[in-house]
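What follows is chain A paired twice: with chain B in the first complex and chain C in the second.
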Partner chain A sequence: MNAINPIDAVESVALGAPIDVTIENVEKAFGDTPALHGVSLDVKAGELVALLGPSGSGKTTLLRILAGLDAPTAGRVLFGGDDALGLRVQDRNVGFVFQHYALFRHMTVYDNIAFGLTVRPRAERPPKAEIRKRVLHLLDLVQLSGLDKRYPSQLSGGQRQRVALARALAIEPRVLLLDEPFGALDAQVRKDLRRWLRELHDQTGHTTFFVTHDQEEALELADRVVVMSKGQIEQVGTPDEIYDAPASPFVFGFIGESSFLPVTVVDGAVQLDGTPLDLAALGAPSGAATLGFRPHDISIVEGDAPAIVGQIIAERRHGGARRLELEVGSARHRVEIDMAVDHTRQEGGLVAFRPHRWRLFPR
Partner chain B sequence: MAATTIASVRKSSVIPGFGLALGVTLTYLSLIVLIPLAGLFWRSASGGLDEFIRISTDPRTLAALRLSFTTSFVAALVNLVFGMILAWVLVRYRFPGRRFIDAVIDLPFALPTAVAGIALTALYAPNGWIGSWLAPFGIRIAYTETGIIIALIFIGLPFVVRSVQPVLEDLDREVEEVAATLGATRRQTVRRVVFPALLPALLTGFALAFARAVGEYGSVIFIAGNSPYKTEIAPLLIVIKLEEFAYSGATTIAVLMLIASFLILLAINLIQSWSRRRYGDV
Partner chain C sequence: MSDEAFTSARLPGASAIHFRPVTVERRRIRVGLILVSLAFLGLFLVLPVVAVFVEALRGGLPAFTEAIFEPDAAAAIRLTLLVAAISVPCNLVFGVAAAWAIAKFDFKGKSLLNTLIDLPFSVSPVIAGLIYILMFGSQSLLGPWLKSEGIQVIFAVPGIVLATIFVTFPFVARELIPLMEEQGRGDEEAALSLGASGFQVFFRVTLPNVKWALLYGVLLCNARAMGEFGAVSVVSGHIRGLTNTMPLHVEILYNEYNFAAAFAVASLLALLALFTLVVKSVLEWRYAEEIAATRRH
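Entry: the complex of A and B
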């Protein structure tokens, strides 16, 4: 498959102005199993928001509630200040894209994209020529010009997903909802589509939610990332905030690679097994805490300076570095660190290191 | 050179045993289907062309053939509609007794058709449970074409249900949800999204129910009344000819039925392969 070219200057598709979306204390339970606990979120018009979390975190449930495919047990959803929950799916005017495309396989690409326009009541339905113009324009936008007479079975996965997107855009949605849109595609296509979607969003400016479990995708694509876990929002922030200032061990662990050690904070200094680590924890409350750091944010310590000392359990090549798995302290906690490939290790399989960037989470 | 070509062709096939499998298939088909059918044609030709034309233009033969094909067609149509509804209910809703109903669907397969015929006649005869209710209104079911159609509906019921059910089960709910988000009403979704997806399976079910009905004998003869020119089906006429030792007559009618059935089934199959080529699988 060819790389997807940047979008040429195409006129904007979104005729309606993008709208704010407000989610207030939304609760959802399937039978006795709660899926969402009091989720609240404000999204500005035109924002591209990632709902990020592991499976079962409630992110898809939230997306389906926004679309009207599921109804919340309690709470409010406002589209541009107006109640959206009172509207049926059909009247909510959202574009929804499923992970597995959900294309109408008995229709051509053209008919798929035109579907949302052709099912409108006769009075609101655009004339045939107008529909044709809009479909061809959308095909151009998703870079599938000339494939309008194909059937979905004759397209590649990436092409099918772009047809699904064009079909959702055809109804001039107020909000665009994407459920793991790249989940079923292979890595290279996924990367291309990701960049392409970002450009498309910059161009069309829809308020967009997309669900993903891929933190890299969320950080690269979104204006803001909503990290969810067990039906609750753990943190909302820009990719920088989420990555650099994770609010909880869960977010820290979910965004990027991470290692954790149980430590104690005594008078603003961090101690491991009673040994000071020379890590300043100004303002942190004294008591038990969890120290989190990323494998690449460490320095190897030579000599007798205060450090975390660990026994090497395993090592493997990791990109440009060597990834070591260590057992640390009397409780033999497992952590991972990166070391330069040409670094000579100390005798006895022991390594001393100190994180130069870290987070402390009180326990 | 030739030897290496063959060897490389053999090697390139991942699934082994094509030659053997095809051989078994052809032998089996020949023994079970083709040779008996060839015998039928040969037998029908034994009386000569004049005899063949005389029997096949005989008004009684034509009436029986017309009756068989029209009643089978109507019965298959009814089964098409109600089979689809049954399959829909069994797949889409969860209710107590669903498994039981699911099992009941197959009963017409298992029941000796004569038993079904006797039961239906007892019900619909002018003095039967249902027939006695209808008789005062002048509605007669047993011993009329309606009776034949009811018997054929009974024996053809499982075909449409069983061919539509798995397709409906595989049908992605997301496709319907997407249609709703695009503004389609429930009715539009069913008509433009669900129904076209079921069409090939519906055609298959229809073809099977129709083919089964055309050849049905046991259940019909009890309820039909069997009066010549009116309620005498073609398979019965064949049996009558056989009892009169008019073998070439019997085989001639059989050949006519065979040709007509073959043409109809061929047409349905062509429609299906056309739709399969077009839609492929996504």
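Entry: the complex of A and C
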């Protein structure tokens, strides 16, 4: 495979101005199974938005509704302020990149990319020379120059992915939609393509949605991340907001490694089994709450300072640290923490620690 | 023990050690299996076909050509070609439509349709012929009306065409359905999102994706349409020079002890079968890569 180089400042793909996309109270049910429930979202022109969630969260359904491949049971979708749901998929002018690319296997790379232009009615179809110029330019943009006569079966996964993208860009879409764009690629190609797609977006400026279940991918690539679960939006925010201020235990758990403990908030202080932990309640109301923290955001506590004490159940190597699995408190809640590899263990298999970053979710 | 001692200890016997993949059987068994299959093929397929040609040419080439160009034989050949020329396109359209519907859409009664397509495979051709006699014969409900309108279905070309269509209609659909189901709807959705009309999607994406399976299905359908005996025999009425197809003509000649002529016409049918096989093999060999590409990505 060719190495993926930074994009040259070649002339940008001819485009209309990017448009805003508004999703209002979209509902979708397949038979009796609800797939989307009251989804609303405002996306500004030129934004790169990640739809992030586990499988079955409705993210792909939402993407297909934007494309016109599925119709919502209720709600509105606006492209640049105009109703989009009244438009057929052919007239919606969206570039859709499918998870498994869906390249036309009996056509060359050139014919694949030119397809969207050659199927236009004669009056709107650009002349052959113009199509050729545009296809070759797109091939250059996705760094596949010289492969125009190949068939899809003769390409690697990463190359097919880029042909699919070029084919979608050829119709000068108003919105670009990518379904798990890197799902079928191996780890290294994935990383290269991710960076490359970000640069491509910065250059072409499409309003772009991409679906992913990989939180790392979403956080690295997107301007804004939409976390979805069970057909609903859990949180919308910049990668920093999502990571640092998750709105729910679900988002906290989905966005990175996490441990949870049931605690009680009393007068602005956090207690575990009635023992104060010396953690500020960060404005959480008094009463039962869930304490969430990440395994690497903890400090080991020596001496008698207030701490969470756990019994070591298992330990294993985890990157540069040692990951401990602990049972905490009388109810033996399982949590995970990271400890320095060279740290000597305390006697009796007990560890005392305190999170130095944490979130409280009222129950 | 050093490495050297280890290898030298093994080397003398190395030629005796025969490695074979675990799924490959012993030589004796392999040869045995191949011989059994060849013997079967030879006895039941090659020998009869050879016999057909030998018998056909027994009287020499002039007798052979005379038997074929004799007016009744020529009429049978023309009728067979006509029946195939009508029934194959009908089943091409039906097969593509059924496969398209079953593979790409969900609708009520889909599995029933899927099962019904196989009906001609499971029903005896004689019954297929009788169905049309019951429907269109003079004793049927439609019979008097057809007679008053002067439409002759049974014991005429329309009946033969109907019976042939019935017997051959699964061939195209059965070739297409598994392939189209495997290919899914992704390509069509992609084409639609790129602005193609339904018409363009069908002719530029769906059809090219299945063209080899379609061609193969048409070849099989054609071979069966020309060779069908049972159903056609029931509805034909065996009127020489009028409603006799090639297989029926062969039977009549044979029953008249006109063996040379019977085998001459039969050899044409055998040639058709061989031609179908050769075309299929040539296509598979010539377009192997493209055929493979339409199956996997």
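Going forward, the second predicted complex is superposed on the first by the 358 of 363 C-alpha atoms of A that agree within 3 Å, B and C clash if a C-alpha of one lies under 4 Å from a C-alpha of the other, contacts with A are read in each partner's own complex, and residues count from 1 in each chain.
Keep this in mind: a contact is a pair of C-beta atoms (placed from the backbone, for glycine too) under 8 Å apart; a residue touches a chain by one contact, two chains touch by 3 or more.
If you're wondering where the values come from, they're calculated on a predicted model, not measured in any experiment.
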Determine, for the superposed arrangement built on chain A, whether chain B and chain C clash or fit. clash
So in the superposed three-chain picture, is A:Arg363 touching just chain B, just chain C, both, or none of them (first/second/both/neither)? neither
So, does A:Ile171 touch the first partner chain B, the second partner chain C, both, or neither? both
Tell me which partner A:Val94 touches in the superposition: chain B (first), chain C (second), both or neither. both
After superposition on the shared chain, which partner residues are touched by A:Arg120: those of chain B (first), chain C (second), both, or neither? both
With the two structures laid over each other on chain A, which partner does A:Ala102 touch: chain B (first), chain C (second), both, or neither? both
Which parts of chain A are touched by chain B and by chain C alike? 67-69, 89-96, 98, 100-106, 115-116, 119-120, 151-153, 160, 167-168, 170-171
Interface residues, chain A side, partner chain C - complex: 67-69, 89-96, 98, 100-107, 115-116, 119-120, 151-153, 160, 167-168, 170-171
Which part of chain B faces chain A closely enough to touch in the complex? 172, 174-175, 177-185, 188, 192-193, 196-197, 199, 275, 278-282
For chain C, which residues are in contact with chain A within the complex? 186-187, 189-197, 200, 204-205, 208-209, 211, 289-290, 292-294, 296-297
Chain B partner, complex, touching residues on chain A are 67-69, 89-96, 98, 100-106, 115-116, 119-120, 151-154, 160, 164, 167-168, 170-171
